[in-house]
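The two complexes that follow have subunit A in common; it is paired with subunit B in the first and with subunit C in the second.
Entry: the complex of A and B
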């Protein structure tokens, strides 16, 4: 049995290290502290998840105040999985960040950068493990505010405008969540998730509860960048420093998806969302629209990072589609794709960051022939791209396969066909990059470039190899995703 | 008179402010005005919460002899936290606007867009 206090430490350590980071002199020390803390958090998350009982959760009452009055932290099969994911991506991105961020952020801003990074980590982990919906709002805002800062720190003026747009939309989303939380509190007198789940069915027919769910669903969908609330995402991911884009793509939208799932299955209940009200269909429609439009828009992008951002919107659609099936198989596919897409997209953004590090550009026209000059970077990109398309033996194949089977099992033929067609579209946009880098001649007049430094290549390749590993040995990911889905569906019956 | 119209006036004020704030936010091209709109939008939610915490005939939630009915203090506490979040957001937004002005020499959305299009 692990000491339960470490459940609180998961948030407290990065939260308290952030201001220390700001005070450390030089450029190297803040980075070192942030990296050490992130790895420590990863070890903690792994230890805690190993201690989660088969059926149930690890509970910790913050400050010794018993729930439902006090704030409760709960770690079960589902958020244990998400916490490990967040910590892992963080632990891989930070070693990469040392060289990449130094090239994209002004040296005087580096301590602030790593402080914001730690705050983001604390916010994401707090959002993941809290069992209190108001506490969830606060942590979500900690993570959002720090991601606005991180996006704005890139050394180009467009980053400022992107961060500002992200801030405005993100704050509207957060305020919507706050309104929904207030309305739910008004009807039940509680903010604890488990307590809410027990009290909401009695008042589920009231329009206040319907309104509460609508506000929360829209608020979270903005944070999730679910179509048509995705407008902040392409700019933010394109203009952010590469390491930030990789971290955000692998964690921020994933945690937002976690929050949505948590609200649907553990707070309001699947019966309320999918049987009593038509909200379930709204999610299916938005997910299908996201898959189509995200994939099509990605094809027409000329900037590799923007292309990946649009592809993210489509991939978010896949996870939400899995969720909106409201079956164990569908939810398993959704959670599985959440994990696999985090591995894929972080790997792709890290590879794009390697390109940017050498070329100072990620436009398709400027990367022509790059495969011959940076073979390791471009093969990493290509392999991760194959995983994004969903070719075996990669992790992307596993989650697409699960999603397809779940759609067929549910009898959703059109959705299944759409998954296949959009996978072909993914092949088209990945092919545009691959063709440019491997088949076209080296751009005339471009100074010869060499391979990216090892500190950037190793994390990129670690994620690419994870993609292949989880495509071959699926017992870890499918086991955890299946357990998470069963906990969620079982809990909402 | 219908009680929903008058007795529950805090909710109407909240809705009115919410709409004013939201409209300012989406209709103005000036970044400072957008931040002001965002602020009004957030403040409306504070009023919504305070309205929720009101208990009919309740006194301010301070323990005192001779008072049995108190307003619910929990929404007040929640809103104190949200105000802090709101201040942080506003400060960051204004900080970004200052830097946008330094970089672009303008805080009008269309002028910024035009300058970005020029490269």
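Entry: the complex of A and C
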């Protein structure tokens, strides 16, 4: 199975299972298929990643057409890491979805839900492993379109508005990426990333290439929800079904970050982006603004899911800050935080989903005293929250340590101070939830609730324990992040 | 069991105890047996390290989460002393808590004992930390695990106290201590605690001064002014928690960390060249005097004791900055002596609360005749904190004065003497009022007998104060071996 064909199977299996899902009768079978496929994909991703050579990549030419004419799939240390992340979060969210989604989505729409979920998975994995920028655009759109559908499927009218807003902004982003891709193609006559990287330096001085990068950078930044292009995110994450919010928070923005990094370091080149254009500074500025404003805005939210969404905007800022340092240490920190934040935020959204499952609300006022009724859920939330703040011994602390070290090595001590101050802001907004749940009396008039079902608690706790595990034994995460950063920086010299 | 595994075991045992306590929460008797036996077992474990105290134990690396930052344990004299004191007082506090929590009818007792055990694991981690990274990790875990204890009652007042507690401790550790640790790593290329320091020759005196400043205020648990507010705020917690904060673990972890940083990160040679060190001596002295003056004006007994703690911690902070072996012995001894003295005072204050529901000193007139044991213990604790023979506190003051003399810090000597007088002024009136004033005339006084576990606990710590005077020799010899 580890031959190169399975690289294509990573995308093909979920893509082809999606229509089958739609045809299956009942509510249980589509879920079963989606879960089986996701776990299969996870096993494949793990096996493939284990086979990546120390220096280099696994390459596969689609349909036997040699690149740069045909579409090429490439798996190296960086996207292998991202693919594992996407498949893992998917494999944990789906068992959770069985109970959670059934409570939030109309029964008749369930087959469609799981079909869209598989399309989203295929889109995200395709975006991750393709070595062709047009193909990347196509997969990014598959993932985006299916996420608009998934957001809109929640049984709330506001979900429709949020999905529409997400659709409009997402489509603008997609259009920008397509324009950029077209311009780059016009200048070089190729769509293959490696080929582009070889041909772009010759024409790097032209305004067309500058424009191409500008369009792509802005388009991807919209998908990434980088401040000030983040407007779709708070509504989409708040109104989406809980399982979808957890999956999107752990994967969609992460893949968008991967795309941005790939374009900068493997297509246009770090020298072009950071030396010839002012984009390096633009990213730093936007990242710092995102960190500050996202954290401050999160403090003032009264809905737990919305609070987490704003916190995501800040966390995206941290990863982009790492990237914009353009050093191995900075990029390692960015990639590491991409992984750790996925673990953190998915765990938090899953815990929020458990709350919603029982209370039908995630407002701060309605969760008072919940720690006594749902101790496992609230403990999970608290522990993942500590990881978000970046306190030892959690994965979030490791991220913070790497990011700070990278910033200080680069001499960016104002950024370092900002990282520390905003991590305290994270403590403030997480503590609003912790205080409500653990220290306030049970809300008057609330019917007694019991703990969330086991099928939801187990995936949540799996992620929480992963947060603690990767805060102590970091050889896997920092090793892969370091290798990814070395590959990227080395490749763009 | 080799002493290396004992180190690791002493870290894991309280964690195991925490799980056991959480699992047996439904049966209070079994739960409390679990707490007490874990505490006793931990003390036995720590005692079994005593024979290897002079050889020390080189670091045992458990994990390496970040480059250069290993989770590693080692044994050196200061840590040995701190672990002994903390693990012994855990037994006392558990014993006392069993009586106190039941008598007060406190809720959420399982959460209480679980968090307590986790806090003890963190304390062991701090005591045996072989490098700054490990120290920082366990320092933060200690902050977090004591939060549910501080906010135990869940009232609005407790929540506010919790916010102050976490706010000050997390802010100082995140904004000052963490950057200091990372900067040390970037400058020195290592975070290990080494005799003679690791920064020597790596940084200019100006940078070293900045780092010292970051460490001094970043270790918020040592409650140096102006970052002391969390300690009085935390007085809303039940008495056993106050004992944990003031005597067993939390503030001691703070001053202990500071002593370790000055001794093993900076080293005396570097310290003597840093002019900021002199300023930090002034900050310590100001803390000693101002906190004593504030304590004088408190009528609430626990608040008075809280400010007294802040003042006493100033002694140990001073010891860290003196930069000589004698001062360091004084500081180390004071960790033990203040722990025993202050825990006796708090346990007595808690016993008064259980018996009469009185918290104000002015209302305690004549109580000594009804509760002679409690007030006698309070007197012993007071005298030890003041520093009079035949009580342990005398030795720490003696060595501190000697250390100040050697360092030619005349002002420090003066302040130490004035502070002793102030201690007399705010501690002795409590016992005097209890024994000699006429009882307040009000007929409707309720009086509950003090539970026997509380009486035993107080009696043991009061005897401990005396023992520390008579048998200070082994501790002094232990602290003399600290390589400077």
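Observations
Here, the second predicted complex is superposed on the first by the 492 of 493 C-alpha atoms of A that agree within 3 Å, B and C clash if a C-alpha of one lies under 4 Å from a C-alpha of the other, contacts with A are read in each partner's own complex, and residues count from 1 in each chain.
Criterion: contacts are C-beta pairs under 8 Å (C-beta built on N, C-alpha and C of every residue); 3 or more make two chains touch, one makes a residue touch a chain.
All figures in this text were calculated on a predicted structure; none of them were measured in a lab.
In the superposed model, A:326 lies in contact with neither subunit B nor subunit C. When the shared chain is aligned, subunit B comes close enough to touch A:168, but subunit C does not. Of the two partner chains placed by superposition, A:452 touches none, neither subunit B nor subunit C. Look at A:416: by the touch rule set out above, it reaches subunit C but stays clear of subunit B.
Legend: residue contacts after superposition of the two complexes on their common chain; A:48 is shown touching neither subunit B nor subunit C.
Once the two complexes are laid over each other on the shared chain, residue contacts for A:404 go to subunit C alone; subunit B is not touched. Subunit A has no residue lying at the interface with subunit B in one structure and with subunit C in the other.
The residues of subunit A lying in touch with subunit B in their complex are 134, 137-138, 141, 145, 148-149, 152, 157-158, 160-161, 163-164, 167-168, 171-172, 174-175, 178-179, 182, 185-186. Across the complex, subunit C is touched by residues 386, 391-393, 397-398, 401-402, 404-405, 408-409, 416-417, 420-421, 423-424, 427, 431, 435, 438-441, 471-475, 478 of subunit A.
Within the complex formed with subunit A, the residues of subunit C that make contact are 63-67, 69, 71, 136-137, 140-141, 144, 148, 151, 154, 158-159, 162-163, 166, 170-171, 174-175, 178-179, 182-183, 185-186. Residues 22, 25, 31, 34, 38, 41-42, 45, 48-49, 52, 74-75, 78, 81-82, 85, 88-89, 92-93, 96-97, 99-100, 103-104, 112, 116 of subunit B touch subunit A in their complex.
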